[in-house]
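The following pair of complexes shares a single chain, chain A, combined with chain B in the former and chain C in the latter.
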Partner chain A sequence: MIDVLLTMMAVVVFAMINQRNLFAVVVLGGIYSFLMATVLVALDAVDVAMTEASVGAGLSTVLLLGALYLTKGEEVTEVRRPLIALAVSIAVGAALVYGSLGLPAFSDPQAPIHTHVVPRYLNDSPKETGVPNVVTSVLASYRGFDTLGETTVVFTSGAGVIALLRRRRRSREESEK
Partner chain B sequence: MSLASHYSYWVTIFLMIAGLFIVIARGNLVKKLVGLGIFQTSVYLLYIAPGKLIGGTAPIIASGFRAYSNPLPHVLILTAIVVGVATLALGLAIVVRIREAYGTIEEVEILEQDRREEA
Partner chain C sequence: MRRDIVLRVIAKILIPFMLLFALYVQFHGDFGPGGGFQAGVIIAASIVFYAIIFGLPATRQLVPEWIVESMVASGVLIYAGVGLVGILLGGNYLDYFVLDHDPVHGEHRGIFWVEVGVAVTVSGVMLKIFYMFAGRRRDEDNG
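Let's look at the complex of A and B:
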């Protein structure tokens, strides 16, 4: 089941590489994000899947379409130095595949990720925080300051976007005068 | 080590290098940002796939369930998704500004205009 979905994701990404029309690329990106959300549900990451479906497939697609409207971008005109890029990508991929050979098998219960740190959270967090969802209790309680830092990042980027796009409106008004 | 046990890692790696390839080889700035997004989402899989436990369930503690998938990667990736859309928004705003200043979002044409100004 997961393998089939992962293969579909790879096919969609392959189509995105070759697609020249930017609108089609953005729509394929939305399909890719929904497939990713489905894979995440299959991997038991329900909170992440909900966020990916709303933020990845929803908000990102809207932002990209808005940018396409503002830049009037339609077609990617040319491909630059594809051979060098291909060589670099394949070299990186080969190094990563070599590294993946040392990883434990998928869903091995004896893998270190399942035997260290996490049993403490699974056993104690309902007692300590009173929240049955462990993801929520870690995000909002144990690592609440990290989440505060995350909102700082979002605020900074929002301020940056407003600063960049406000200048734009002002310069257009001046040119109209 | 077999195809079935490592397939998820290899698809993750394919997505990663596909994103890398788009960032290097495509000159259109919007498409570069899409490639960066693919690279970023492949990292979600890299973190979350090892946390899955066959026969486990989502990490919401309830009576009747004993095996849960690992919740800690989920927490990290929730933060990564939100930060990712924040950087995407900022990147697109910069692309809109570049389009205004240069009249194009193709990297080659932008570099050419810069060179002509310097000369």
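Let's look at the complex of A and C:
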């Protein structure tokens, strides 16, 4: 099941690389996110799948379409072939694949992630927090500081977008005066 | 798309259910999948859906810009405020078990308000970014 989905994702990625029409690329990006969400459902990570479907396939597609409305719909073909960029991407990809060889086997019950704090969370979380969904109790209670940091990151990104887009509008008004 | 009656009717039927689903994801996140982040995105998505069908000016009247901007900041403040209440009631920062006589109920209460804060900030930021991008061409035409 997951193999089929991952193969379809690879096909979508190659279609995105070859496609020059940016509208089609945005739609393919939405399809990619939905496939990713399906993979996460197959891995029983429903919370993450929900986030991927709503953010990746939903809102970011709308935002990219909004950005596309402000630009031209066709990708400009490169005059030179970007060989250095290709070499850097291949080198980083190879390093990541090499790093993944050291990871424990897929769904190995003896992997460190399953033996460190996970048993304590799974056993004690319903008693300690009264929340049956362990994802929620880890996110909001055991790892409350991390989630506070994440919320601050979301806030900062919003503040950054406001600062960038607003200043441009104001400077145009000033230049007209 | 503002003239297409099918889209308008379908949107008016669907948007209440989308908002209801967002509330379900928010408040049922303790028991099933979901939580503040997902609920915030679904709220923002339903309002973006409204904006696509009915246009940005109508949406700005429905959800004014100042509400969205104050949501961006107030969510983080709610989250950080839960931590401060924990200190005032004699615990450490972000200790939830001091929020109620029963420690388990206190944890539940803390998680509830923290998730509310996450949802408020996330939906505010998503909507604000959408407003900013969608409003650009229109501002350039006017100015």
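By our rule, the second predicted complex is superposed on the first by the 159 of 177 C-alpha atoms of A that agree within 3 Å, B and C clash if a C-alpha of one lies under 4 Å from a C-alpha of the other, contacts with A are read in each partner's own complex, and residues count from 1 in each chain.
In this text, a contact is a pair of C-beta atoms (placed from the backbone, for glycine too) under 8 Å apart; a residue touches a chain by one contact, two chains touch by 3 or more.
Everything numeric in this text was worked out from a predicted model, so none of it was measured.
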{"item": "Contacts of A:Met36 with chain B and chain C, given as first, second, both or neither", "value": "first"}
{"item": "Touched partner set for A:Thr7, first chain B, second chain C, both or neither", "value": "first"}
{"item": "Chain B versus chain C as contact partner of A:Leu22, first or second or both or neither", "value": "first"}
{"item": "Which superposed partner A:Gly130 touches (first chain B, second chain C, both, neither)", "value": "second"}
{"item": "Chain B versus chain C as contact partner of A:Thr71, first or second or both or neither", "value": "first"}
{"item": "Of chain B and chain C, the chain that contacts the larger number of chain A residues", "value": "B"}
{"item": "Touching partner for A:Thr147 - first (chain B), second (chain C), both, neither", "value": "both"}
{"item": "Contacts of A:Gly158 with chain B and chain C, given as first, second, both or neither", "value": "both"}
{"item": "Partner chain in contact with A:Leu101 - chain B first, chain C second, else both or neither", "value": "first"}
{"item": "Those residues of chain A which chain B touches in one complex and chain C touches in the other", "value": "46-47, 51, 55, 59, 63, 66-67, 70, 132-133, 135, 139, 147, 154, 157-158, 161, 165"}
{"item": "For the chain B and chain A complex, residues of the former touching the latter", "value": "1-2, 4-11, 13-22, 24-28, 30-31, 33-34, 37-38, 41, 44-45, 48-54, 56-62, 67-75, 77-79, 81-90, 92-97, 99-100, 105-108"}
{"item": "Residues of chain A that touch chain B when the two form their complex", "value": "2-3, 6-7, 9-10, 13-14, 16-17, 22, 25-26, 29, 32-33, 36, 39-40, 43-48, 51-52, 55-56, 59-60, 63-64, 66-68, 70-73, 76-82, 84-86, 88-90, 92-93, 96-97, 100-101, 103-109, 111, 113-114, 117-118, 121-122, 125-126, 132-135, 138-139, 143, 146-147, 150, 153-154, 156-158, 160-161, 164-165, 167-168, 171"}
{"item": "List of chain A residues in touch with chain C within their complex", "value": "46-47, 49-51, 54-55, 58-59, 62-63, 66-67, 69-70, 127-133, 135-137, 139-141, 144-145, 147-148, 151-152, 154-155, 157-159, 161-162, 165-166, 169, 172-173, 176"}
{"item": "Parts of chain C lying in touch with chain A, wherever the complex brings them together", "value": "25, 29-38, 41-42, 44-45, 48, 52, 69, 72-73, 75-76, 79-80, 83, 94, 96, 103-105, 107-108, 110-111, 114-115, 117-118, 121-122, 124-126, 128-130, 132-134, 136-137, 139, 143"}
